[in-house]
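Please see the structure below; I have some questions.
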């Protein structure tokens, strides 16, 4: 059984590698590389995998999951300029791929302590682009 | 090839274990445990897995699938108070997890008789919470 | 300038007039009249009309508006059985029309005290049904 | 007859008045005032009002309308930090209200030259907040 | 009080005036003029205006409204090629504007016979284009 | 890491096998078999699977992916009558299943030349029906 909770945050970012020239960044990242940044209403879907408790009928305590997402993701990312305010994005480019992997790393242990395992992170950067990341081994 | 049909139903439920006290249920289920119930516009996605018929170009007869979902799910769940009107929710708590599993059990054999196998059930309880259930063995 | 904030709540209701027979209620309200109730994820859109403050660039304090909606609507309606827990629905039928009008009455004065006037309430009962209510005089 | 075209752009902004202290801005604008900014996927709906041409069956040339929105709005706003790159937001706070009014001013004349009149601008800053602006006189 | 019901239908159409050349039609309607047609999942929103019955709490019988929309719109338009199968589109171009006006004319009298008045028709041709039509006099 | 880009196109089609009678086609495909066709706003989700480049933070060049989808899918399918204008649908029935498989075949090699592998195609024919196709071997 998989259970997924969605949350939203607003953030700004620049996709550019500081070691490259403006032209090289423009060629790699297009308009995402404009130096003053731009922003998105990100939607993150956190999926947890586990057995349903035969008594309670739940995979995990949803109130605890919501609280972990608030603490580990929303309080960190929401209304922030990722490159300047949210490590490790001072060192690595905040592409959707890297943001999804960072969210995985922030959530994996706190969710694991609730019992069931984090299964995957899906991150929507806009209506027509999303990524999905998982370190769960294939069955 | 996977093919998915969506359907909606409106129902009310209480998430509470009658053997527990009000306080214990509140601690487990939060506001979902309020004794008079509340409701949702549930969205169910029924996914079937099969080969595409080389002549007809279809995995299965979609009209037959729609009719099975209507008979086995909508006619049973729609505009009902799950705990009081839809077995087995007189005995088990109608969490999203248990509802998804019950829908799986209602659909598995009727869809199997059409040919292809039921692959998974995704059930949305609200915009920010959904579960996915499958008994399909991993490949 | 109109500004609209959306909020959601889950509630259950029965649309039936206790003075009528089951058959008469069924004829009037259809499946909405089933006596044990059913539920919806209601979406309410609260629209306020006012001038933009030339200094702040806002019609009103959005944080205050959010708090009023939480206090006057969500805390009252969310996870409740409207007929049994939310007056005046012990006396009047909780159709979408009557719920929208009740929300108008709960919000009108608290929003008015912020400065700009409540303009309209739009209430979505499901994806394919919504009502809009206003007591604002035509211009 | 009203006809509406939707478009999207990603931008970042800070809602803060440079003449006020950080605390005063925080009190006025909440998290929207964080100094490094944050961003949104803005959705703009441009509504035009006019008679249907009895021969062509159209209010206006939709290809021309799309081109005007691209030139006057998307090319100006998309992937930009509004406060620093899009006048007049170097001087006025880029609240949703002020952005909607600026879009009205950019579109009014170019659309008017096509024939029918610009009727209103609806701007969604996030899923639960939108504003609507019009200078059209009441009928 | 306004009450709106949504419905969907799939249809194909060509936007081209048979008296014009291919080039002229291409210039007027763009890709919408390709001679073999293309299609949309149209969404129609039917809005009715009326007083809330003080006893029933409803503007009108929603089951009757749904039936009228099915008979007058869905049974006529759904899974049809508008230019060839749905008059008056053998004679006039099935632009969104003309389709919305045709739906108004089909619904006005049958809804009027239920009591309250048809208020407006909103027709979505795609996610980013919709029209709204009304013959209701301004207040 | 999976990365998905969405795109939309409007097309019309008829689901009918020319070797069968009208009655047989109606029994197999229902209203989808009406001979003059009807249409949809199709939404296609193209999912690519690959490792994140440790320097750029991307799975692939999104601008190149967008261009491939435009060339191989949108330029071919958009505003077309599939049975008459888009091979192989002159020979095989354009069911959602067959369209998804055709899109897979058009995209597989051009995307593979960018580096990462095409992972799956999800095609939405309407709000309540979608298919997903993949030739990726199970892990």
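Brief remarks on what is shown
For clarity, chains are labelled A, B, C, D, E and F in written order, and residue numbers in each chain start from 1.
Convention: a contact is a pair of C-beta atoms (placed from the backbone, for glycine too) under 8 Å apart; a residue touches a chain by one contact, two chains touch by 3 or more.
Computed from a predicted structure; not experimentally measured.
Counted as hops between touching chains, the shortest connection from chain B to chain C is 1.
Under the contact definition, chain B and chain D share the contacting chains A, C. Within the contact network of the assembly, the step distance from chain C to chain F comes to 2. If you compare C-D with A-D, the chain pair joined by more contacting C-beta pairs is A-D.
Counting the residue numbers used at the interface between chain E and chain F, over half appear in both copies, so the two copies meet with largely the same residues. Rounded to a whole number, the gap between the C-alpha centres of chain D and chain E is 28 angstrom. Chain D and chain F have CA centres that are 34 Å apart. Of all residues in chain B, those touching 2 or more other chains are 127, 138-139, listed in ascending order. Contact between chains, using the touch rule, shows up for A-B, A-D, A-F, B-C, B-F, C-D, C-E, D-E, E-F. On the chain D side of its complex with chain E, the touching residues are 1-7, 52, 55-59, 61-63, 138-139. Considering their complex, residues 15, 17, 28, 30, 92-98, 100-101, 127-133, 138-139 of chain F touch chain B. Put simply, chain F touches chain E in their complex at residues 8, 10-13, 31-32, 34, 36-41, 78-81, 84-85, 126-127.
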